[in-house]
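The structures come next, written out as structure tokens.
Both of the next two complexes hold subunit A, though its partner changes from subunit B to subunit C.
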Partner chain A sequence: MTELLSSLTEFLVAVRGAQPLLLSGLVKTAEAAILAILLGTAFGLIFGLMLVYGGKILRLAVKIYVDVARGIPGLVKIFTVYYLVNQLVIEATGYRMSAMLCGIIALAIHASAQIAEMTRGAIQALPRGQSEAGKAIGLTFGQIQFNVIFPQAIRQILPTWVTSAGEVVKGTTLLSLISVPEFFVAIKEAAAREYIFFSFYLFAMLVYFVIIYGIELFGRHLEARFNKY
Partner chain B sequence: MESYHFNWNVIWRDWDALLGGLALGLEVAVYSLAIGMIIGQSCAFMMTAKSRLLRVPSRVYVTFLRNQPPLLLLFFAYFVLPRMGIRLGREESVILTLGLYAGAQLAEVFRGALVNIPRGIAEAGKSIGLTTFRVNLLVILPIMFRNALPALGNTFISLFKDTSLAAGIALAELTWQTRRISTETFAVMESWITACVLYVVTCTAISYALSYLENKLRIPR
Partner chain C sequence: MTSQNRQTSGDLLIIENLHKSFGDLEVLKGVNLNVAPGDVVSIIGSSGSGKTTLLRCINLLEEFQAGRILIDGDEIGYRNSGGKRRLMSERAIARQRAMTGMVFQTFNLFPHLTAQANVTLGLRKVRRLPREEANEIARTWLARVGLADKADSYPAQLSGGQQQRVGIARAVAMSPKLMLFDEATSALDPELVGEVLSVIGDLANDGMTMVVVTHEMQFAREVSSRVVFMSEGLIGEEGKPEALFGNPKSQRLKEFLSRTRT
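What follows is the complex of A and B.
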């Protein structure tokens, strides 16, 4: 018992010492996750709308994008953007994208494919009668979309969207492999410096758990609120 | 700036290594799925049990593991466990990690499939004189398995994709091989295009095979 207590105090002292490192890692993780979620959501919604309303060729192109993006593992996407896309960008502009930017782009591509599918599913799941009723009372196409279809589709999407936000947070750990100094890198550095491994990894698990489970609970809360009616 | 020259020879030279890496990834995914199914099945039964003593620990396990980044778990298994006297090889670490992770995901899948089976079916089994164990084994499990099959297939595909994380601990699967080729030969385009194509083709093939299987095994109506 005393041994456990002393190793706990030793660990807490170590965490205090590594505090600036851990905090800056956490900020990087949050930055990457939030930017990837925002970008992924924006493009995902656009692609989802294209899948529903686009012409034949546009639909096919977006469908291929979505299927390819979903078929490639997240880590391979990150490496591909980091090595391949970066090479193309360098040749075209002479500018080298930072590892962080590459990671955000890759995570955003991943999220956009998921969100595009979700959006398509949610809109197509609505009964045809909804838009027909809108037409019958004389609404324009735009009015039908914004006042009839979207408000209902968004309720469908929100809970799953929140889950994919959690997946993005999980995905940010992959950025450690292209040496973005995010939270997992900070944990590894702190663990090696203080030579305390088990406790630091357990600490990291708790932190990630709180973030990701928190997002999940938030999603459930939204779901409960929207299903009240 | 000198423009890029494609040299596909570096890919053909290492083609066997790439395919070997792909096969290794599939092998790891199959073993992890097996472990995950055993854990998931046990947890699903525990989560639907009457006793709190069974429900609470399985709930804690599933909730905790489902909300972890798998890479963190993998590094824990490969770099931290040896310091506590548990030494695992690269492949074993990946299989164990992904198996435990998939177990948590599958527990939810199986639980959902179990809950969806009407009570009357188990009661019918009991009324013809089967023991509880035999009702579970002969009546409930086959129905549950069929209910869970689509989600099980998706889990296998995402497990296969997650085997790419093994590149992080230098297991020579497809992602690691590709990264090796791309940094050794500077053929970044060729190597990553090849990897992406191989992954997409494999995932598509698995998903077609699974939908064929689903059709074959669908409960006749």
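What follows is the complex of A and C.
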């Protein structure tokens, strides 16, 4: 018992010492995750609409994008953006994207593909009579989407959206491999510096769980709000 | 209302030589129909005769390949530019659709909105009325169809007959010039048909111009000012209900009536 207490105290002191490092890591992780989720959601919805309403060529192009993005492991996407896409951008514009930006783009690509596919599915699952009823009262295409289609499709999209958002957070740990100083890098550094491995990794586990579980609770809260009918 | 295509004649709805195909299948083969203001025209005929397609062309839920439809003098859906027939912009079509109200066989209420919100959606977004005014109109119409106490109910909480009455309120609340009913009672349990037909009958008595696709022969006979019998994509016979039902001329209509008579 006293042994446990003393090692806990030792760990807490170590955490305190590593606080700036851990905090900046956590901020990086949050930044990457939030931006990737926002970008991924925005593009995912747009691509999903293209899959449903686009012309033949547009649909095919988005379908290829979605299939390729979903068929490549996350880490490979990150390396592809960091080395290949970045190189192309440099040659075209002379601008070098930061590792962080590359990571966000790679994570957003993955999320957008998932969200596009679930948006397509959710919209196509609605009866055609819904948009026809909207048309019949004189609503325009955009008004039908915002007032009739989205509010119904979102119920289908939300549960999978939560999963995708969680995947993005998990995916941020891979950004350490292109040297983004995110939370897991900070944990590794702190653990090595203080020479306390077990507790630091346990701590990391807890923090990631809290974030991802938090997203899930948020999703459930939203679902309940949309489930009132 | 002004429009280049505006034509003046007594009729509210004019359909000229309407042709519509789905792929190789020609469903409407040159339909002509005129409906005067206040007319209640019932369209009867066996399934596959093109009744529903004709109705859906009137508010452009279906595009059509040839012919013209005019509502209150405005040509619907297409314009001629440089000798070519072109579909109008999506927005222009949406504006034209607001001239007609449509009631669907499957109700098609918006399940995520209350009965009242189903009615106010078009009033707010299309007619751009302030919330209070839209709510007022919605409550008035819900009361007219006997659902004053169901304003806050969601469609899933209503019976089929109640849902269809909300559907009717949603359509007429927009003050359309013309109401279209597409087999409005076909999906209802028999004991719920009466309440919906009586609402439609009331509208007819109020002078609303209506085109009603129906399988309810009794209703067509009692409420219509004119009955149109469609057969194989064409209007086979038309006339006053007593003439059409009492003294059918064509063999097709005779057969159809003998099949539907109970």
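Throughout what follows, the second predicted complex is superposed on the first by the 229 of 229 C-alpha atoms of A that agree within 3 Å, B and C clash if a C-alpha of one lies under 4 Å from a C-alpha of the other, contacts with A are read in each partner's own complex, and residues count from 1 in each chain.
Just so we're on the same page, a residue touches a chain if its C-beta (ideal position, glycine included) is under 8 Å from a C-beta of that chain, and two chains touch if they have at least 3 such contacts.
On a predicted model such as this, the values are computed, not experimentally measured, just so you know.
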| item | value |
| --- | --- |
| Which superposed partner A:10 touches (first subunit B, second subunit C, both, neither) | neither |
| Subunit A residues touched - subunit C or subunit B, whichever exceeds | B |
| Partner chain in contact with A:151 - subunit B first, subunit C second, else both or neither | second |
| Which of subunit B and subunit C A:133 touches, first, second, both or neither | second |
| Residues on subunit B engaged by subunit A in the complex (per definition of touch) | 1, 3-4, 63-64, 67-73, 75-76, 79-80, 83-84, 161-165, 167-168, 175, 178-179, 182, 188-189, 191-193, 195-196, 199-200, 203-204 |
| Parts of subunit A lying in touch with subunit B, wherever the complex brings them together | 67-68, 70-76, 79-80, 83-84, 87, 90-91, 94, 166, 169-174, 176-177, 184, 188, 197-198, 201, 204-205, 208-209, 212-213, 216 |
| Of all residues in subunit A, those that touch subunit C in their complex | 127, 129-130, 132-141, 143, 147-148, 151-152, 226, 228-229 |
| Subunit C residues touching subunit A - in the complex, by the definition given at the top | 59, 61, 90-91, 94-95, 97-98, 100-102, 104, 106, 108-113, 121-122, 125-126, 154-156, 170-171, 174 |
